[in-house]
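One chain, chain A, links the two complexes that follow: it is found with chain B in the first and with chain C in the second.
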Partner chain A sequence: MIDPYYLQQLAIGLSQGVIYALMAIGFTLIFGVLNVVNFAHGEVYTVGAFAGLLLITAFAPPFLVVLFAVLAFGAALGFGLERIAFKPFRRFSDEASLKSRAMRESTLMSSLAVSIVVREGLEIGFGSQMQTLPFDYLINKPIELGPVTIVTGDVIIFAVAAVMLGGLQYLLKRTRIGLSIRAVSANPLGAKYVGIDTDRTIITTFALGSMMGAGAGILVGLYYGAIFPAMGFVPGIKAFVAMVMGGLSSIPGAVVCALLLGLSEGLATTFISSNWADMVAYGFLIVTLIFFPQGLFGAGRERV
Partner chain B sequence: MTLTRRHLVALALAAPAAFALPAAAAETVKLGYQLPLTGNTAQYGQDFKTAAEIALARFNASGRIPAKVEIVFEDSRSDAKEGVTIARKFVDDEKIVGVLGDFTSGVSMAAAQVYKEAGMPQLSQTASHPDYTKISEWQFRNITTQAGEGPYNADWMVAKGYKKVAVIAEQTDWGQSVTKYFADEIAAKGGKVVLTEYFNRGLPDFRSLLTKIQREKPDAIYTGFFYEDAANFLKQMKQLGIAIPVYSTSAAHNQKVIELAGADAEGLSLTTNFLPNSPKPEVKEFVAEWVKVRGAEPGQFPAQAFDAVNIMLEAVVKTYPKSTRAAIRDALAATKDFPGVTGSTTFGADREPVKQLSKVRIVGGVFTPVAD
Partner chain C sequence: MSEFVRGRLVPLLVLLVVFALVPYGLAKFGKGYFFQVAQLVLIYALLAVSLHLVTGAAGLLHLGHAAFYGVGAYVAALLGTEMKLGFLWGLPAAGLAAAALAFVVALPTMRLVSIYFAVATLAIGQMIHTVLLNWVAVTKGPNGVMLFSGITLFGTPVKSPIAIYFLVAGLVALSIWVLHRLSHSYYGNALRSLREDDQCADAMGVDTVRLKIEVFTVSAFFAGIAGALWAYTTGYVSPGDFGFNTSILVLAMIVVGGLGSLPGAIIGAALLILLPEVLRGVGDLRNVMVGIVMFVSILFLPRGLLGEVSALSLVRRGFGLKWGAAPSDREVGWR
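Take a look at the complex of A and B:
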C-alpha cells in the first residue's frame, strides 16, 4: 500500500504537469512545429487572462461563454501579433531572403519586443499587483477522491488539454491545413513553389496557437485566482523547457515532458527544499540536451 | 526679416529661463525617493509614492518653513544595479539633502554603499535586513526588523500553547531573518520548529509544500511572506482541507490578502504596528486621505512610507534654513517620540526605530486587534 502522502503529491505533480502541458501545446505549435521563433506566447497567455477578467467584471457571463470569448479573442491576438512582429520580416520574397536564417531568427527580437511592450503596458494600465477576481468564477472547489484531494480546475484543465492535443494531432495529420503547415515548416520555399499560400498558413497557425495560449491563460488564471501582468513568464519558460525536451517539433512529446516536469517538481518538494524544485526541471533539460540532443521524442525528421 | 526671426528665437529661448530663475531663487528643498515604480514590485512602490505625495502636499500646505519641499521620484525596478545608478544621480545633485527608500533590503543596501561614501542620509521605509543600518551612520529605517517581530510572534504562539511549529519563508535575505529570529526564541521558550522551508517569491503552487507541512502535524505554521503569496498559500491550504493556525509578520498585513483570498484568509494572525481603524486623529486623517486617492484602506507599508517621509520632513524643519546633508542626518538621529501613524517612533543609537507591535487577526473579513 502506498502512503497516501505520496499519492497526494503525485496528484499535485500531475495537475502541475497538465497546466504546463496546456501552455506547451500552443507554444510548440508555433515555435516547434511551424518553426517560427516566438517569444511573445507568454504575453498572449497573460492578455487572454486579462481579457477574460474584463469580461467577467463587466458582464459576468457563464463560465463557458468566458472561455469561448477568450478563445476567439486569442485567435484575433495571434493574427495581430503575426501582423506586427512577423509579417514585416517576410516582405522580401526573393530566394536569398527566404533561405536566410537571419531573417527567420530576427523574429526572436521582434517578438521579444512585443512581449515587453505588452507586459509593461499592462503594468501601466492595471498595475503589477494581482487582480481581484469574483470568487464564484474560480475553478478551485475541492473534490475528495479517497485520501487524495483534487479541485474542479484539474478536471477542466485536463479535459481542455486533452481536446487540444487530440484536435491538433487530427488537424496536423489528417487535414489539408495540417499538411500545408507541415510543408511550410519543412521547407517554406518549396511549399511556395508547389502553390501553398504560405502567408495564410502561417497566419492560421498563429491564430490557432494563440487561441490555445489565451485559453490557457484564463483557465490557469481562474485556477489559481491569480491574474497579473508577469503571470506568463514562468509558464512560458516551463513550456519552452518541455518543448525542447520533447524534441522541439513534437506536440505529444512536449505534453509528455510537461507532465514529467510537473511530477518531478511535485515530488522534488518532498525530498529537497521547495525553492530547489525548479532546479530539477532545468536539470532534466540539461541532461536531455547532453544525452539526447534531438530531444526525447524528436528522432524523426518530420515536424508534427 | 532674418533679424526679426533671430530675435524671436532668442526671445523664445530666453523666456522660460527668465521664468525659471525666480523659481530657483525661492530655494526649494529637494529630497530624493528611490522606489520601484515599474516591474514586479511596482505595486509597493506606487503605494509609497501615493503616501509620499499625501505627506508632501500636507506639509507644503502647512507653511511650516518659508520654502517648498520637493521630492524627486526615481524608478529602481527593485534592481540593485538601477538602485546604485539612482543613488549616484541623487548624490551628484547638490540640491538633494536627503534620500528615502529603497523598497527591498537588497536594493537599499546596494545603494547604501554610495550614500555611505558621499555622506547622504538615507531613510528606508521597509528595508528590514539586520545589516542595513550597520552599513554606516547615514542609514536609517522606519520598520522594525525581524529581531523584534520574530520573538514577539514566538512568545505569542507559545502562550497559545503551540509548541510544534512549521516555519516557511520566501527565499530572500528578509525571509531568512524571519526564520532565524523566530526559531531562536521558540527554542528558548521550550517550543520546537519541526520543519523549515524556503520558497521562491511568486510561487504559484504551494500544494506540494502544504502537503509536506501537513505530514509533520505541526500545531501552527509561522510564515514569512508578502500578501500575494499569503493569499495563494491560504487559498490552497483551504482547498486541501488543512486546518492549522497560520501566523505571519507585518509584511502580510494588507487589505489585498482579504480581497484575494476572501473567506480563506479567515483566522490569519499577524503582528503589525499600524491599525487603520485606530481612533488616533493622525491615523484617521491619513486613512481618509488614502481612501480618497485609492478607494481602499492602506496596509502597513504605505503607513510606514508616510511616516518615513514625515520624519524626513521633520528633520528638514529642524535644520531649515541650513538643511545640509550632515545637518539632516543629525536631525534624523535625534528623532524622539515622533507621533506617526505607525505609533511613536524613536531612533536608537543604532539608527533602528523603536516601535510598539500589536496583535491582529482576520475575523469576519477584517483585520481585528486581538489580545491573544
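Take a look at the complex of A and C:
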C-alpha cells in the first residue's frame, strides 16, 4: 500500500502540471504559427489573475462569471499583444520574413519589453506584495477521497483544463478557423496563396493562447489565494520547458510533458526539498535536449 | 579620414572620457553613489561585450549569461572571505572558475542549434542560479556573502574611490580590448560565418562545435571577471543579482546597441544602466521606462543604435582592398 502522503503529493503535482499544460498550450500555439517565443505569455497569466481580482472586489459575481469574464479578457489581451508586440515586425508577408531570424529576434525582444512594462506597471499600480482574495472565492475547500484529501481547486482546475483542451482539439480539427490555424502553421505562404487571411489567423491564435493563459492565471490565483505582479514568471518558464520537451510544436506533446513536469516536481518536493524542485524541470530539459533533440513527441508529427 | 575617425579617434575619445573626464567629474562632485553608478556601467559594459561575442558575433542566443557572472562573483567573494585570498587571486580565479564551468556544460550542449541552444542556456542559467540560492552550506543561500576585505594590490590597499574606479576601468578596458581583438579578426569572421549559416561554415571546414565551445568558454571567462569586479566594488553578492532578469538585461543591452556591434554593446550598457539612474526622479516609473526604451528601439531602430556593417558591404570592402581600390594597408578581414 502506498503511503497516502505520496498520493497527496501526486495530486498536488498533477494539478500543478495541469496549470503548466494550460500555459504551455498558449506558448505552443503561438510558436507553431509564428515560430516565435512569446515572452509576454507569463504576463498574460498575471494580468488575467489581476483582472479576476478586480472583478471580484468590484462586483463579487459568481465563480463561473469570473472565469468567463477572465477568459474573454484574456482573448482581448492576446489581440492587443499581437497588435503591439508582433504585428509591427511583420513588415513583409513572404515566408522567408514570416519565419526569418530577424523577425524572430525582434519579436522575442519586443514581447520581452512589453512583459517588462506590464510587470513593472502592475507593481506601480498594486505594489509587489501579494494581493489577498475574498475568502469565499478561494477554491481550496478540502474533499476527502479515501485516504487522500484533495481540495475543490484540484477538481475545478482539472475540469476546466479538460474542457479547454477538448474544446481546443475540436476547434483545431473540426472547424474552419482551426483548419486555417493548422494551415498557417504548416506553411504560411501556401496558406496565403489558397486565400487564408494570415493576419486574422495569427490574431485568433494569439487570442486562443492568451485566453488559456489568463484562465490559468485566475485559477491559480484562486487556488493559492495569492496574486502578485511577478507570479507569471515561474509558470512561464516551466511551460516553456514543457513546450520544448514536447517537441516545440506538438500540443499533445506539450500537455503530456507539462503533466510529467508537474508530477515530477511534486515527487521532488517530497523526496528532496521544495527549494531544489526547480532543478528537476531544468534537468529534464537538458536531458531531453541532449538525448531527444527533436523533443519527446516532436518528430514526424503535424505542427500544432 | 573617416576610417581614421571611426577606427582610431572614437575609441580614443571614449578612453579619454572614461579615464579623464568621468574621474574628474567624480572627484569634483563625487559622492559614493556616483562612483557606484560609474563602476556599474563599466562592469555591465564588460558583460555586454562578452555576451556580444556569443550572441552578437557567433549568433547563439545565450539566455544564461548572468549565471556565469554570478559564479565569478561568488568565487571571488568566497575566496576573499573563507580563504582570505585577495583581489589578485580572486580576479583570475573567478574568470577561470566561470570558464571551467562553461566548458563543462558546453561539452554536451553546444551541438544544439537555434532555439534549442537558447533554451539549453536558459536552463543552465536557472540551474546555476538555483544552486547559488539553495546550496546554503557554501553560498550562504539567499543571505548572500559579505566581502569586507576590500582590494589589495601587492600589499598596498586600494582604498580611495577614485583609485578603485581607475582599477575597474583599466581592467574593463583591457578585457574589452581582448574581446575586440577576438571578434574583429579572422577568428571573429569564423564566428560570423557560424551566425550566418552554420551548416555552410561546417561544409567549408570550420569546426563549428569546437568554435562554439571555445567562444562560450571565453565569454564566460570575461563574465566571471565582471562578476569578481562586482563582488569587490559592492562588497556584497546575493543570488538575486544573477537571475534570469539580469541575463535578459544584458541581452537587451546588446540588442538596443545593435546586435553584432561591439561599440553598440558598450553604448547599450551605458544607456540601460544610466537611464534608470537619470530617471530616478520619475520614481517607480523608471523600470517601465526601460521597457519602453527597449521596445521603441527595437521598433524604430531594428539594427540597433550602432548596427553592424552588413556582410555584403564587408565582402565588397574586402575584395576592394585586394584589388587595390582602397588606399590602405589593411588586410582582408573584419575591422
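Going forward, the second predicted complex is superposed on the first by the 289 of 304 C-alpha atoms of A that agree within 3 Å, B and C clash if a C-alpha of one lies under 4 Å from a C-alpha of the other, contacts with A are read in each partner's own complex, and residues count from 1 in each chain.
The criterion applied here is as follows: a residue touches a chain if its C-beta (ideal position, glycine included) is under 8 Å from a C-beta of that chain, and two chains touch if they have at least 3 such contacts.
Note that the structure is predicted; figures quoted are calculated from it, not measured.
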| item | value |
| --- | --- |
| Chain A as common anchor, with chain B and chain C clashing or fitting | clash |
| Which of chain B and chain C A:G166 touches, first, second, both or neither | neither |
| First (chain B), second (chain C), both or neither touched by A:S128 | first |
| Contacts of A:E120 with chain B and chain C, given as first, second, both or neither | both |
| Partner chain in contact with A:E265 - chain B first, chain C second, else both or neither | first |
| Touching partner for A:D278 - first (chain B), second (chain C), both, neither | both |
| Touching both chain B and chain C, residues of chain A | 120, 123-124, 273, 275, 278 |
| Contacting residues of chain A [partner chain B, same complex] | 5, 8-9, 12-13, 16, 120, 123-124, 127-130, 132, 135, 140, 142, 144, 149, 151, 224-226, 228, 230, 234, 265-266, 269-270, 273-275, 277-278 |
| Residue numbers on chain A that touch chain C, as the complex places them | 37, 85, 88-89, 102, 105-106, 108-110, 112-117, 120-121, 123-124, 233, 237, 240-241, 244, 248, 273, 275-276, 278-279, 282-283, 285-286, 289-290, 293 |
| Chain B - residues contacting chain A, complex | 38-43, 46, 171, 197-200, 202-205, 207-209, 211-212, 215, 228, 231-232, 235, 239-241, 256, 259-260, 262-263 |
| In the complex, chain C residues that touch chain A | 61, 108-109, 112, 115-116, 119-120, 122-124, 126-127, 130-131, 133-134, 244, 248, 251-252, 255, 259, 284-285, 287-288, 290-292, 294-295, 298-299, 302 |
